[in-house]
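Have a look at these structures, which come just after this line.
In the two complexes that follow, subunit A is the common piece, with subunit B as its partner first and subunit C second.
== the complex of A and B ==
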């Protein structure tokens, strides 16, 4: 039995625990600033997301039933576990499955309220999960085929640059990232603006500290989702490490651009597009990769 | 008497006793004691043989011992010391029973105008009898029984889960009998007879090395399920029972032909001999088309029994039977016999090991297609039992796909799936059965607010459903292993199938889970009405799920890996668990964590409870709102079924076409190969 906890792993986990929400909060602040500028507004201060959460913590604690908070807390905890497993370099499939469990807890939190708007959000959230899950799993498959390991630590420390042989999978991930970051046109389950058909969707019945917990878990999640992009570029060298970080910044800017450029689509469209893109880009990519490997071209 | 003979004979004796027990009061102790003894002796069998290495035969088991019961001491002296003769006499006895059963099917088929069943029975049983009389009795059988680590797992599944289901049936069938209409006969004795007979036959299947005996037990399970499905004798039940019978007889026919080929070409009738010969062929790099054909026919029989497309409709039709039947068919018996056969054949299924388009190709693709399409179909179902049924078909498909790759990793995943699926699915079926009796519906939409009405049962269901697909529970670990084995084996199509299939799985389980966790106002607890025997079984199964999930690294290292090492030893393949042990440990820690978390936090809040948001028109009870005309409207929340995307009929039609193409392609290719080789050997003359 080999189960080694190295000091590096502990430091990485602690760094993610502490720095994760800080970076996530800053990203959210910058996001809002850029969005505002794109819309010709001045925008809130960079630390506005932090002020929002601080305010939420001071609200009067109310809830619609005594079961919901458990699911919210479970979601936060599992999201943190997911990120920690990722940043200590664990198995990528394990990371994805844990992420799924975390996301399911959010859906269950919405379902548990038995409220119409929450349930609408929950169903849509679930539909999106069904839509993006194949693409996310295929990233792990593709990286394994190129790098020969599912472990994040192995993937970032050596081997070829994954983005070229995995171009199709990378394109699918950009598509899926829009969904995962809850950006328009795929902000189907949880809207930022309450005057819409789904009110606040999944979070309609969640307030105060619980809502703050959801915000924080999104910060954690976003950092980890952007970290995924790094896997496509890393090969252990500093140069490609820098390129990876630049790629993350560029792609996030692209996501903000998409967010501001499109109106929300219907769920049917979101679902069908997502599966088609996954099949065409990721699916074909995996098949081509398989044949390239067969003739030792990769 | 040896433990193996005891495990087969004891349930049979209990079954016969129960056939004549009319009152609930007398039946209860017999079933409970019977179930307990079966469970204990399955554990004893495993304990006795655990240290005996990977594969162990019982040369004399089941011959002299079994005969002493049938023939008495006087005749026993004649054949004492001649195990071969004894075994032959026993084979003849089995054939006599088979002839009687064949006659029964023929008569029933004519009576209910299901002539296809009669025809299938008329073809296969005389064929086998003819073979046994002309050729079969010349072939000496050295070992009638065997045990290895995989059959140990199967014995535990049958012995523990199967017995628990019989205990559950006590309470359930009591309620069931109360619901009978005036003048209807209480046929519970027959029901319990069939349940225990089923267990006996299952033990027979997983422990027989003599393939004729295995076939005999195989056919017994077919008949048991036929009678269990038709138990209520409604027109629907009769139709569905015949569908199950016909499809399984088709598999039986393939089995029968496989026996004929085996006996006539190779002069052996032992499963171990088939595996040895196949392994030698693979190791020598020679493809033997006859072996391939035998394996393909046996695998075909396995696929029919495992309800793979296009034969999935028999398992869905089996839903008309009382719930304990469904639980038994889906978890520990019947379909598990099908996948048992496939996993046994797994070393010979490796796609390249025998033929390119051979049995491995067939099993892998039929399993994969079934997994994907059955998962699709499950989305569109609101009937809880049908969701469970499609999920069973899908999981069996995944098991077949894993075993079909023929790699050690795939086999590891397949066995793990069998274990976790057996425990979890039996729990879910029994939970739905209990809910159905108390709520009066098996529709998931009618389980609204079940958490308020039956909190304990709803909790059990939540655990059961989570265990079916969520990290860190066992089923997900097995799916993970399956994915890894597909990638390693380079099966691109299976990779795509599993990623899309598991995404859909996630959807249909979570929407059900959502109904379970929803807290609906003003629900009264109706849980006291549930029988004690039902609670006992449900609680034991929950305990089993938790224990197995916590000890699964141990299960892997003490049972599954040694078994795979044993079967793959002749191939010289490197064997390891599909998932690294440190990952297993992380998962186990997460399980422990996820179990403790609700105990600490669930339901503990000191917050003020407020009304739901309903755009300002909530009447104040969270159940009604004020409509636009000022009238009161009830709040009704319904799930998504996406019938336009995942239409059941369309999905089944696609499955039928695709799998039929795969079957036709495989068998015609193999036939072509066979004829070509035959011509080469005989110099052109056919």
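== the complex of A and C ==
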């Protein structure tokens, strides 16, 4: 894989660095507003996530150990690297593995304290990763089979529209998205509606600046995850670009709807559902695609 | 401007309340009152909380719990005593196991009277607490800590609610 840094790449990386958290923050604010409206409430201001993070930065720093801050910062940095690699059009496999590294650092941050809640959260986070990682790899395989390249820049700039031949894989991505966005029923490891059996899961022992860093890295992550949807629709034309963005908005609305419509499931159930649905959908998809390719039908 | 006043996260602890006040605290989260429009979130986690809502009076067994929650909350923080039990001990004041109001253990910034305190009063109390939070952030931070220490000494003389209340009220004016 050659790595030529072009001005476009630098601009995209900088744009993601600066606009990523802005867009992520607005998405989180709109999410909370829509959620409130769905529940018949008025809801917080759109900028509430920003106020929350600013507040956390103002709070007295309290850390349980030095390692924790380091792991949280590493998570933020790897999350930013993931997004940058994605938005400059680098290799999809590289992007996926950096994303996993970021997630692992969060688990380490949670494991570094002795609180039973964060330990439990960390365990569940690992189980969740085990549940969705195979599906994520199959998504990359599927995109490669249709587009003939793992490079994001090639995937978005040409070739057939991936969503039709990859319908099964697209469905499994929606499933993975629900887990990665930490939406109910899969908000097992870090409940965003606190005051429950696991308090705040992996973030229970993390407060102040570090918690703010986790929030910001979620903004980055959400922008990246939503940007990923675009890969299924892009073929270089403006029309499909617009369709892709509409699809992103619709899917996010669907995620909010799912979030509000389901209670949290146990990890066993989440694990089983995830493997069954994602592996059947994407596995069958990949096999069918393989045969279609063999007879030159795609 | 202190952002802490725009995003107060609350931890709610039930001392020895009859649950009347607790139900009213939870009622604040319902669509009818919807405190989330002020950015208020009910966290179950002292490390994330800015406002400590206590209902019910203090008894022998929950003194360490209340102290621990209070100590785990990062500064700046405020304590809101909800209901007359949390304010002074209320009808339970003379019970053999009751210490009195929350201010016999930790410094209280805002008292919300009522039995049970109405959701409107609780929201009003939290909003008053935000004013105190803003002041603490603005520079009375040190003063608040010092007074908390003084209070810790006075904890030894349980039951003298009137004295402790005076200290806490002074602090509110700081």
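Rule of thumb we're sticking to: the second predicted complex is superposed on the first by the 296 of 298 C-alpha atoms of A that agree within 3 Å, B and C clash if a C-alpha of one lies under 4 Å from a C-alpha of the other, contacts with A are read in each partner's own complex, and residues count from 1 in each chain.
Operating definition for what follows: a residue touches a chain if its C-beta (ideal position, glycine included) is under 8 Å from a C-beta of that chain, and two chains touch if they have at least 3 such contacts.
Just so we're clear, the structure is a prediction, and the values are computed from it rather than from any experiment.
Taken together through their common subunit A, the two structures put subunit B and subunit C side by side without a clash. Shared-chain residue A:129: touches subunit B; no touch with subunit C. When the shared chain is aligned, no partner comes close enough to touch A:240: not subunit B, not subunit C.
When the two structures are aligned on the shared chain, A:262 is found in touch with neither subunit B nor subunit C.
Of the two partner chains placed by superposition, subunit B and subunit C are both touched by A:199. Set against each other, subunit B and subunit C touch different numbers of residues in subunit A, with B touching more. Look at A:211: by the touch rule set out above, it reaches subunit C but stays clear of subunit B.
Residue contacts after overlaying the shared chain place A:62 against subunit B and subunit C alike.
In the superposed model, A:273 lies in contact with neither subunit B nor subunit C.
The overlay of the two complexes leaves subunit B and subunit C separated by a minimum Cα distance of 5 Å. Applying the stated touch rule to the two superposed structures, the overlap between the subunit B and subunit C interfaces on subunit A comprises residues 60-62, 199, 204-205, 208. Note for the complex: subunit A touches subunit C at residues 32, 36, 39-45, 48, 51-52, 54-55, 57-62, 194-196, 199-200, 203-208, 211.
Those residues of subunit C whose C-beta lies close enough to touch subunit A in the complex are 2-4, 6-7, 31, 34, 36-39, 41-45, 47-48, 50, 74-76, 137. Listing the residues of subunit B that touch subunit A in their complex gives 449, 451, 470-472, 476, 480, 483-484, 487, 490, 492, 495-496, 499-500, 502-504, 506-507, 510-511, 513-515, 517-521, 580-583, 585-587, 590, 594, 597-598, 601-615, 622, 635, 637, 639-640, 645.
Subunit A contributes residues 1-3, 60-71, 73-74, 77, 81, 85, 90-91, 93-94, 97-98, 100-101, 104, 107-108, 110-117, 119, 122-123, 126-127, 129-131, 133-134, 137-138, 141, 144-145, 150, 199, 204-205, 208, 271, 275, 279, 283, 286-287, 290, 293-294 to its touches with subunit B in the complex.
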